[in-house]
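Note that chain A is present in both complexes that follow, paired respectively with chain B and with chain C.
And now, the complex of A and B:
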C-alpha cells in the first residue's frame, strides 16, 4: 500500500460516512419519523413501563402456571435443538469439502441448510401453523427447521476447519470413509460443534417465546394471553421469568464451554 | 529387486501446465532415496502419486508387482496399508492421545465396524507401545498430541506409519518445520528404520546437505523433470545449479 492508496481509502471512509448520514436523513423524511420527537417520548414511555409493568402480589399467584409453561418451552427448545443437531451432523458431514461423499449430496446439503436458514423462524411458524394447526408440534417444527439450517452451516465450517490434514493422513493409511469421519473428523470438531449446539439452545429459548406467540404454545402464548387481557402485572412476571431463564442458561452453557474447549 | 518402478509418469491439473513430465525411476527394496528440488518443482505431487493420494494422468507406477494406476477402490486401500506416509505438519488428530493416533495406522487392516468400535488386538497395542519406546516417546503415550513439541509429534507420525508394517514410507518434507536438533533426531530415526527394518524410504527434502548425508541416492527435480539421479557424492556444483538454478554457495546450507 503506498501513500496515494492510503489517502484514497481515508477519503473513501469520509464519503461512506456522509452517505450514511444522508441516507438516514432521507429515510426518516420519507417515513415521516421525527427523531427528536422519538427521543422526547422516551421518558414518558419509561414512566409507563415502571407504573404498569410491576410484579404485584396478585400476579405472583399465577407463578406456578407460568413456570409450568416456561418448563414446557425450555424442554421444547432443547428437544428441537438436539434433534436438529443429529440431522445437521449428517448434513454437515455431507456438505463439508473434506468429508463429502459426492458433489450432488454436498450441494443438496448446502441447499437444505440455506433454504431453512434464510426463511426467518417467524415465517416458518406461520407457514407451519397453516398445515399443522395450533399445537406444540408446530412450535417444535418451526424451531427445528430453523436450527437445522443454522447448525448445518456451522458444522460444515467446524468440520472444514478441523479436519483437512488428518483426513489426508488417514486416507493414506487405507482407512475407510466411516473410520475417518468417526475417528478423526468428529473427535477434532466435536468441542466446536457442542459449542454451537449450546448457542442454539440459548437462541431457541429466546426464539421459542416469539414462536409461541405466533403458534399459540408455551410461554409465548401465556405472554400473549395476559397481554391481550391487559394484565400488565402478569406480563411483567412472564418477562422476568424469561429473562432469568435466558441468563441462567447462558451461564450454564458458558461454563460447559469452558470445560470442553 | 525393484520395489517401486515409475515409467513415464505425468501429471497436469490444467491442460497447458504440466506439473510432472515423463518421470522415470526405479527404487530397490531397502533403499533410502531423497528427492530434492526447489519449491513448486513437483516433489509433493510426485510423492502423492505413489499411493494415489493424487491421481496421475500419464505413465505407470508399479509397486510390489502391482500396477498402481489400475487398482480399484478396495485394492487401492490394500495397497495403501503397505505404504506409510509422514507429513510436514504431522497430520495427527491433535485432540486425541498419542497412542490413539498411533493405532490409527491400523485402520487399513480393519473392517469399518472394527474401526468404528475402536477394537484393537493385544498384539497391536503391544506393537504400538514397542514403537513408541523405540522412538523414545513412550512416556507421552497418554498425553494429547497438541501438548507435544513438533519433533515429538513427528515421531508419533512415524510410529503411525510404522504400525502399518509398510514396505515403503513416503516422507513429505518431514523436517521442514522442525529445529535443527529435532530434525537430526527425525532423520536418524528414519535412517535406522530403513537399515534395521529394511523399509524403503522416499523422502522429500529441502536441505541438500541433509540429503547427501543420509541417503543412498538422490533424485533432483526441477520444473517437473528429473535433472539428477544418483549417489549424493556425485552431486556437484554443476548438478546443484541444474536443480536449483543457483550456485550452491548462494544457498543457505544448514
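And now, the complex of A and C:
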C-alpha cells in the first residue's frame, strides 16, 4: 500500500463519516430528536422500569386471564404461520428458477410475495379490522398475509439453493414434473424450510403483540388495556409472560434446528 | 450381520426410507404444527364475525384503497415530510444501534473476549430480543414522554440485538493468522481491533447495518401506528382508525410500498456484492 492509496482510503473514510454525520443531523432535525435528552432519559427510564414494573400479588390474580389471551396469541401465530407455509410452498415452487412452470407464474409469485411483504402488517391489520371486526380472525389474517410474503421469498431461496443437481438427475431418468418436485426438490429443501417456519412462528408471536394492539385481539389487547388503565404491575406481568413464551419457543426451535439441519 | 444395516418390516419387506433422526424430527414438527393449527381454529374467538359479508367488504375496501388513492386531510408535501420523519427515526435507531452493537459484539465474539463475557452478553441480548419492539417503545414512552426519543430508544433495543448477533458472527470469521501476525508485532487488543478486525469486516458490517435499516423502516411505520411515534405510520393509523378514509390509506400504503421496495432493491444489491455467503 503506497502513500497515495493510503491517502485516498483515508479521504474516503472521512467522506463516509461526514455523510453519516450529516444524515444523522438531518434525521434528528426532522424528528426533533435530542441526543442529550435521549441519553438523559435512559437512566430515568431504567429507574422507572425497576421501581414500577414489578409483578405484585395483586397482579398475579389476573394471571389466568392473561394466560388465556396468551394462548390465543400463540395459537393465532402458529395457525397463521402453518397455513402461510402451505400457500408459500406453492408460490415458492412456482417462483423458483429451477422448478417454475412458466415465466408468467414465476413473476406472478414473486410479485405477490413482494407486495404482501412490503405493505406493512399495520396497513393489513387496519384494513381488515374495518370489515372483520375485533376478533381472532382479523389478527390471524393480518399475520397470514405478511408471513406469506416473507416465507415465499425464503422458500424460493431454499429451493434454488438445494435442488440443481438432483433435478437434473431426475430429469435424465424421465421423471415427470410432479415426481421431480415431490421426490427431489421438496425433500431436499424441507429442513431449511422448516427452519424458516420455526423462525416465523417466533417472529409472529412477537408481531402478534403489535397486531393485537392495533386490532384489539390476543395478548396485545390485554397489554394495551392495562397500559391505558395505568396498571403497570399487570403490564409487567404481561411483558414477563411474552418474554418467557418467546424464549421457550426460541429454545424449542433451536433444538429442532440442531437435529434437522 | 445383515440385520445391522438392513431394517425389515414385520412381513420381511425392506424399509425403503432411511428414517434418520432428522427425518423423524421434520415429520413430528410438521404433525405438531398441523395439529396445533386445527386446534387453533377451534379455539378462536369468532365474536361478531360474518365471514361472507366481511370478505366482500374487504375486497371492496382493498379495491378502493389500491385503485383510487387520494389525499384528503393533508397535502403531498406533508406526506413527503412524514415519510422523512419515519426514515429519520429508522436512521437514528440504526446508526446509534450500530455503534453500540459494535462494542457489544466485540465483547460477544468468542475469539475476542473471555468466555464468560461473551456468554453474558449473549444471554442479555436474547432477553432484549424477547420483548417485542412495541412494548419497548410503550414502556419508554411512559418514562420519556411520547415523542421521537421514546421511539428511537425503543427501536434501539432490537437493532442492537440483531446487529450484535450479525457482527459477532462476522468477527468470529476473521482469520486467526491476522491476530497472530499483529500480536507478534506487539499490538495490543485495541490495535488488533482497529487495524486487523475492522478493515477485514467493514464492508460486511456495513451491509448488515443497511439490512437493519430496511427492517427499521418497517418497524418505524409500525411504531407510528401502534405507539404514537409520529411519521407516516401515525398518519396511516389516523386515516383508517379516525377518518375511515380508505383512499388516504391507499395513498399512504403506496408511499410506504415505494420506499420499502427501493430499500429492498438497494439492500439485495449490497447483499449480493458483500454477503455472498449469508442466507439469513
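General remarks:
Criterion: the second predicted complex is superposed on the first by the 244 of 261 C-alpha atoms of A that agree within 3 Å, B and C clash if a C-alpha of one lies under 4 Å from a C-alpha of the other, contacts with A are read in each partner's own complex, and residues count from 1 in each chain.
The rule is short, and it goes like this: contacts are C-beta pairs under 8 Å (C-beta built on N, C-alpha and C of every residue); 3 or more make two chains touch, one makes a residue touch a chain.
Computed from a prediction, not measured in an experiment: that's the story for all the values here.
Which of chain B and chain C touches more residues of chain A is settled by the count: it is C. Within the superposed three-chain model, A:94 lies out of touch with both chain B and chain C [touch as defined at top].
On chain A, the surface touched by chain B in one complex and the surface touched by chain C in the other have residues 190-191 in common. On chain A, the positions that touch chain B within their shared complex are 165-166, 168-176, 178-180, 182-184, 187-188, 190-191. Chain C makes touch with chain A in their complex at residues 21-22, 25-26, 29-30, 33-34, 36-37, 39-41, 43-49, 51, 53-54, 57-58, 61-62, 65, 81, 84-85, 87-89, 91-92, 95, 126-127, 129-135, 138-140, 142-144, 147-153, 218, 221-222, 225-226, 230-231, 233, 236-237, 240-241, 244, 246, 249, 252-253, 256-257, 260-261, 264, 279-280.
Of all residues in chain B, only 51, 53, 77-81, 83-85, 87, 89-96, 104-110, 112, 115-116, 118, 157, 160-161, 164 touch chain A in the complex they form.
If you check the complex, the residues on chain A that touch chain C are 20, 23-24, 26-28, 30-34, 37-38, 41-42, 44-45, 48-49, 53, 71-72, 75-76, 78-79, 81-83, 114-115, 118-123, 126-137, 140, 157, 161, 190-191, 194, 197-199, 201, 206-207, 209-210, 213-214, 217, 220, 223, 227, 232, 235, 239, 242-244, 246-247, 250, 256, 259-261.
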